Amino acid sequence: MSKYIKGTRKKAGKSPGTLIHVGDYTSENIELTMIEYNKGFSKISQLDSIEECFSMKETDTIKWVNIEGLHDISIIEKIGKKFNFHPLMLEDILNTNQRPKMDDYDDYIFIVFKMVYYNEEVKEIVTEQVSFVLVDNYVFSFQEFKGDVFDGVRERIQSGKGNIRKLGADYLIYALVDSIVDSYFFILEQIGNTSEDIEHKLMEEPQKEVLQSIYSLKREMIYLNNSIWPLREVIGNLTRTDSQLIKQNTVLYLRDVYDHVIQVIDIIESYRDIMSGMLDTYLSSISNRTNDVMKVLTIFSTIFIPLTFLAGIYGMNFKNIPELEIPWAYPAFWAVTIIIVLVMLDYFRRKKWL
Amino acid sequence: MSKYIKGTRKKAGKSPGTLIHVGDYTSENIELTMIEYNKGFSKISQLDSIEECFSMKETDTIKWVNIEGLHDISIIEKIGKKFNFHPLMLEDILNTNQRPKMDDYDDYIFIVFKMVYYNEEVKEIVTEQVSFVLVDNYVFSFQEFKGDVFDGVRERIQSGKGNIRKLGADYLIYALVDSIVDSYFFILEQIGNTSEDIEHKLMEEPQKEVLQSIYSLKREMIYLNNSIWPLREVIGNLTRTDSQLIKQNTVLYLRDVYDHVIQVIDIIESYRDIMSGMLDTYLSSISNRTNDVMKVLTIFSTIFIPLTFLAGIYGMNFKNIPELEIPWAYPAFWAVTIIIVLVMLDYFRRKKWL
Amino acid sequence: MSKYIKGTRKKAGKSPGTLIHVGDYTSENIELTMIEYNKGFSKISQLDSIEECFSMKETDTIKWVNIEGLHDISIIEKIGKKFNFHPLMLEDILNTNQRPKMDDYDDYIFIVFKMVYYNEEVKEIVTEQVSFVLVDNYVFSFQEFKGDVFDGVRERIQSGKGNIRKLGADYLIYALVDSIVDSYFFILEQIGNTSEDIEHKLMEEPQKEVLQSIYSLKREMIYLNNSIWPLREVIGNLTRTDSQLIKQNTVLYLRDVYDHVIQVIDIIESYRDIMSGMLDTYLSSISNRTNDVMKVLTIFSTIFIPLTFLAGIYGMNFKNIPELEIPWAYPAFWAVTIIIVLVMLDYFRRKKWL
Amino acid sequence: MSKYIKGTRKKAGKSPGTLIHVGDYTSENIELTMIEYNKGFSKISQLDSIEECFSMKETDTIKWVNIEGLHDISIIEKIGKKFNFHPLMLEDILNTNQRPKMDDYDDYIFIVFKMVYYNEEVKEIVTEQVSFVLVDNYVFSFQEFKGDVFDGVRERIQSGKGNIRKLGADYLIYALVDSIVDSYFFILEQIGNTSEDIEHKLMEEPQKEVLQSIYSLKREMIYLNNSIWPLREVIGNLTRTDSQLIKQNTVLYLRDVYDHVIQVIDIIESYRDIMSGMLDTYLSSISNRTNDVMKVLTIFSTIFIPLTFLAGIYGMNFKNIPELEIPWAYPAFWAVTIIIVLVMLDYFRRKKWL
Amino acid sequence: MSKYIKGTRKKAGKSPGTLIHVGDYTSENIELTMIEYNKGFSKISQLDSIEECFSMKETDTIKWVNIEGLHDISIIEKIGKKFNFHPLMLEDILNTNQRPKMDDYDDYIFIVFKMVYYNEEVKEIVTEQVSFVLVDNYVFSFQEFKGDVFDGVRERIQSGKGNIRKLGADYLIYALVDSIVDSYFFILEQIGNTSEDIEHKLMEEPQKEVLQSIYSLKREMIYLNNSIWPLREVIGNLTRTDSQLIKQNTVLYLRDVYDHVIQVIDIIESYRDIMSGMLDTYLSSISNRTNDVMKVLTIFSTIFIPLTFLAGIYGMNFKNIPELEIPWAYPAFWAVTIIIVLVMLDYFRRKKWL
């Protein structure tokens, strides 16, 4: 549960604008990759130092600089100095507990997003913060860890398919944002599968573990919901921005992504309804089971308790029990017993307990 | 459940604007039908190729071109090229997991809707995406499958009844939208019938299957609700649009459809309340049943357990039990037994357990 | 339940603007009544044909023409032709499944309302659609059935009490709307009485029928709520309208009605809260009863089962049971029995089960 | 429950503007009190007739005329005639089922409020309608019954403490409104105490009466909530009014009252949450109790039923039961019995049922 | 619970503007601390009397005057007189039951906040009211008790780290507000830990105390929620203010705090969802336990009750029971017994009760 607030305290009490990396993961190397492209060509290069990408500032190619790993603060500082970024923005890049948001600093646009993916190892949804800075024809993307959901975008740039190479850096931003929103659909699909599994278990005899599954699913929905709502706001703001950096044509595409975000929200809403239904089903199944157990007990008890009483009668040692002397008394006793059993069974059958 | 997100992933990672059909159904032939009409005449024709309808671009008749089946991308591409449509719009036509929406591209209006109908075979509500493009005096409608809810409109055009032939292509759009909204009423009527069935079952002894019925109904309501809310927005936007393509007179009619959508929303809301009431009734019926079972058990047990104890007493082998020697002891035992039974029954009757 | 959607389908597929009566009731005669009045006089007259009222179009008296029964479409058509009404409005008058609404057609105002009353025969709340058209100094009111809630208004016109005769046709509209809103208070009062009855039953031993009563009440609240919310909107719009037909002075009165509608909404809201409280009380009463039944069973069982065991011991046929030979063993057995019973009773008393 | 709609019907069907007192209480004398004050002096006087206060209309002192009792309509009529008040306003004063509201009639302001206090006799919250009219430097206050929450204001005027005598009639309105809002805090404090009592009862063994207490508390909250929300609106409107009668300085004070109203709403909201928590606690305590009862039954039954069977075995009359002949069989039987009991007890202890 | 409304009544009936301290704690000395700083230096000094800080009114250093303890009204009065503050503001400082708010009095800004911290002694969340007044380059902060969450800010001023000394008094306000919002994160972290503890207990056999823990947690969330919502509003207003006292640059920082507040609200929302999930888990665990208890009872009873009956049969004293004479009858009886037990056990195993 602590993941909802992890790390936020590390900074408390520090001066705002102080660059401190707030995150879990500081062992790996930081990877710097630059993709440079225009209509005619594209080139991927691994950078040894961040300064390498500054030199091309004057060329008119579009440059996507991807920084994977945030623990080397000096990289952020160098970029900040070179492009004259606001210290608060640099701080926000490093604070990986940011709420998704967009800040429009006239000369550049800063966007923070949450990328979601399913971690196969720990079997739970993991989110990773990605920040984008759009400045001139540079797009900087800052990720916490290696690995992302942008491979489709890379491929399109390299192959030159679609119009990604024909359009500007703002279109690249759109393409990246689109990939992130798509990652939500992927997660929802997996949640859909899990949810179907649970439903099947609910149809049969549901065990206590089912409740756990429903709640862990529900918690994941809460988590997703918390990530997607600010996304909606951010993308909505992007479509309405009057920044010079986002061209009118790209706004059209962003509106499309906006529709997808709304759709994600709708699906999440539906799943929440469905899950609360599953919960009710589970609870009513417990009640039904208690009911079934009670019926078995009641049937057995109400049949045999009177019979035991009857047997008890003729086990009494009274001097003078005339029935005991009758020769056909014992078979008669059995006959009565069987009749009582049949009457009771019929009674229960009519009550639909059998 | 997967229907909430079916197909959306097929596109993920592709370049936006790439035309890919995202849907289930690709085996049938695509059917192209054109209805051409004006005040004086109307003509239905099956088209062999989509180009046939382009030639009449200059005539002032209204042309409704209905495309049933989306898997032949070339048709969409040809229309797109001819009328110079935006690639995003073409993509949206093919992506059948679109959320209902309206996009106003100045020269043409694009509308995506969900048409609902009850599939008798699989016994569940099915939705089909229909997109409309209104351009000049053309109306293009793109459907996923054959069969639709527009027969009434076709008939009115052919018979010339009402003022459909007197008014423009925007009125045709209205008529089509109206038919779609009517299809929701039809579904709601069927849901109403099912819901009445369930209520009758709830009045009697409700079985576990009832819970399933309530939930499948509830899920259908969630599904309908998700389709109708964007509809409201879209039609609302249509009535407020300042597009030249929608005439003032038609806006009046659209406002009428808007009222119907609101009514659909109200009805859905009512059904949701009613269903949550049915759920409570079901749950309380389980509790009531457990209560009834308990009562039967308790009555039998509390009557016979003391009597069995009494019989046990006189079955003891103590040397010296004076009662055993009394000649009228056995009849007295029976008398006591009967008195105890009567007292207990009276006690239960006063407790209203009988 | 079908009343939420009754009749709507009859029209589906027809051309909009086609006049078709959508309603249940077509056997009675249509009654046409006209009340003509001004400051000085008032006159009620039964009309044989609707044309009779057209002739006075030029006089400056206020004319309230009340049409009870909608199945004779020709009457509506004649009025429509005479006053040049929009076909959609005429259609809305006939479609008695309209949502309450106000349409301002510049030269005339069209208002649809739901009037509620309690049908003593079927013991449920019935709604009837009433439409008003305010044009020049005519007020047309269209009702589905005979009988309405306007007798107070008629009386005031005839007696000349208050200022109804001094003010214009818009004030008449206000007076009629006020009567309709008052009818909601009347229904709420009856619901209040029923709800008090149910509460008394809940205080005692609640039976299964109570649940039914709560739900039928709840459903009526849903129904009322659905009718009153659009009313709020409509009257709100009336108070804000810039139509020439509604004078400033009347707006003041309408604002008063608006306050009443808000009050109705508040009361409904309170009743819904109260009803959900009654439901909880009912459910907890079932649990409490199960608890009581369990206690009786447990007390009897836990007292007698050990005793029966004890009796069983001394009913065994072991050769060598020394107690059997002791002369005072039998009285001692009884003493032990009584002690055990007393101890148990004390235990249960301390547990507050007795 | 009928208090939510009491009296409203009395007026239904009457002409609006007809002055009819809608209320319960008509036996007492009406009390007319006037407090006249300015910076330098203050004077309280009992008026015999309302006309006495009209004569000072030209003086520049502030005059607060308090009317306790509404059944003498002539008083209201006289004031109305003298100050030329709108008939609707006079009607609203008399209709004590008004929703709190503010009407700005340019020359005067009309405010209706609900004052709450705890009636010690009937042990429930009582509300009383108070209307204020602010006109020139008159403040008229109309109350239903004798006794109010304004003693603090009176005292401040008489003692000249604070700046009440230095500021105008609008400040007096503020002071009165402030007293009314304070009365809500007083009621909430009492509800807080009751709620703490209930909580203590819930910690122990909760009885059925607790449910009743929770619900009567809940109902009182519904009632308070219904009164306070319109208050918020009214005071909000007062702070935003552009009436000449409310000076800018007073608006500042009114904003302070507005903050208090918001605080009352917050507290009510918290109490509602707390009460729904108490309800859940109560319901779960019933379940827990059933559980406890079941455990006692189960422990006793599962220990003694097998033992009784065992005793039954050796009570059989088979010819050939070798154990019966063994001399140490009886002690052995007891040994087995004791071992079984110990094993069972251990089992239950490990299950944490003991 | 009374903490929601503590003290508010003390003032009721008093003249507004009367300075009365509404709070619990009046024994300690009031501590006056002034931190004076500008770009170049910083100085902390304990003040003996509040007048000491007035003398530097003309210097251009920034002065943060911190008053801990509110029971000496004369201090507030002196400040009020010196800076010409509005009496209502002074009253608000003393009334420690204020709702967080911001009042912009043109020449100065008044802000009331709630600071939260976890009181280790009483083991519950405590809130303390802090008011800020920003006037010229003075910042006055008024606290109820000694101890606060501002140590980080003090340290930054003294060490000159960050840009706190370079920027104005409005930045100081920002830094203080930021510390307060951070204190919410700290509390949420502790709530997160408690909540994890409860979850672990729920996984095992949950006891009745768990319900108490959930509710006390839930109540704390209600409490936090009530504090944070007005905070959102206040900080939102600060970012939108057009006051000259807040510079544009600081607004950027405040927007950052605003984002944090939104995040706090999101986290609280998530925790509320999680807690309601825990409640459901607890309730279903009671049902499950009842179910388990029932199963044990039913298994024992249904196995042994028929067997006891059988033993009872052969304990009867009928003359003529042929089985009694058969030599192998007794072993046969045992065989039958064991077969019955095995059949029953298999039946229960197939029912998954074992």
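Each chain gets a letter, A, B, C, D and E, in the order it is written, and its residues are counted from 1.
The criterion applied here is as follows: contacts are C-beta pairs under 8 Å (C-beta built on N, C-alpha and C of every residue); 3 or more make two chains touch, one makes a residue touch a chain.
To keep track of the chains, here are their UniProt names: A, B, C, D, E = Magnesium transport protein CorA.
Predicted model only: the values in this text are computed from it and were never measured.
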| item | value |
| --- | --- |
| Equivalent-chain rotation between subunit E and subunit A, CA atoms, steps of 5 degrees | 70 |
| CA centroid of subunit D to CA centroid of subunit E, Å | 26 |
| Length of the line joining the C-alpha centres of subunit B and subunit D, rounded to whole Å | 43 |
| For subunit D, residues contacting two or more additional chains | 283, 287, 290, 294, 297, 301, 305, 308, 312, 315-317, 321 |
| Going round from subunit D, first to subunit E: chain order | D, E, A, B, C |
| Residues of subunit A defined as touching subunit E within the complex | 1-2, 4-5, 8-9, 12-18, 86, 88, 92, 97-99, 101, 103, 205, 208, 211, 215, 218-219, 222-223, 226, 230, 279, 282-283, 286-287, 289-290, 293-294, 296-297, 300-301, 304-305, 307-308, 311-312, 314-317, 321, 323-330, 333 |
| Complex contacts: residues of subunit B adjacent to subunit C | 151-152, 155-156, 161-164, 174-175, 178-179, 182, 185-186, 188-189, 192-193, 195-196, 199, 252-253, 256, 259, 262-263, 266-267, 269-271, 273-274, 277, 280-281, 283-284, 287-288, 290-291, 294-295, 297-298, 301-302, 305-306, 308-309, 312-313, 315-322, 352-353 |
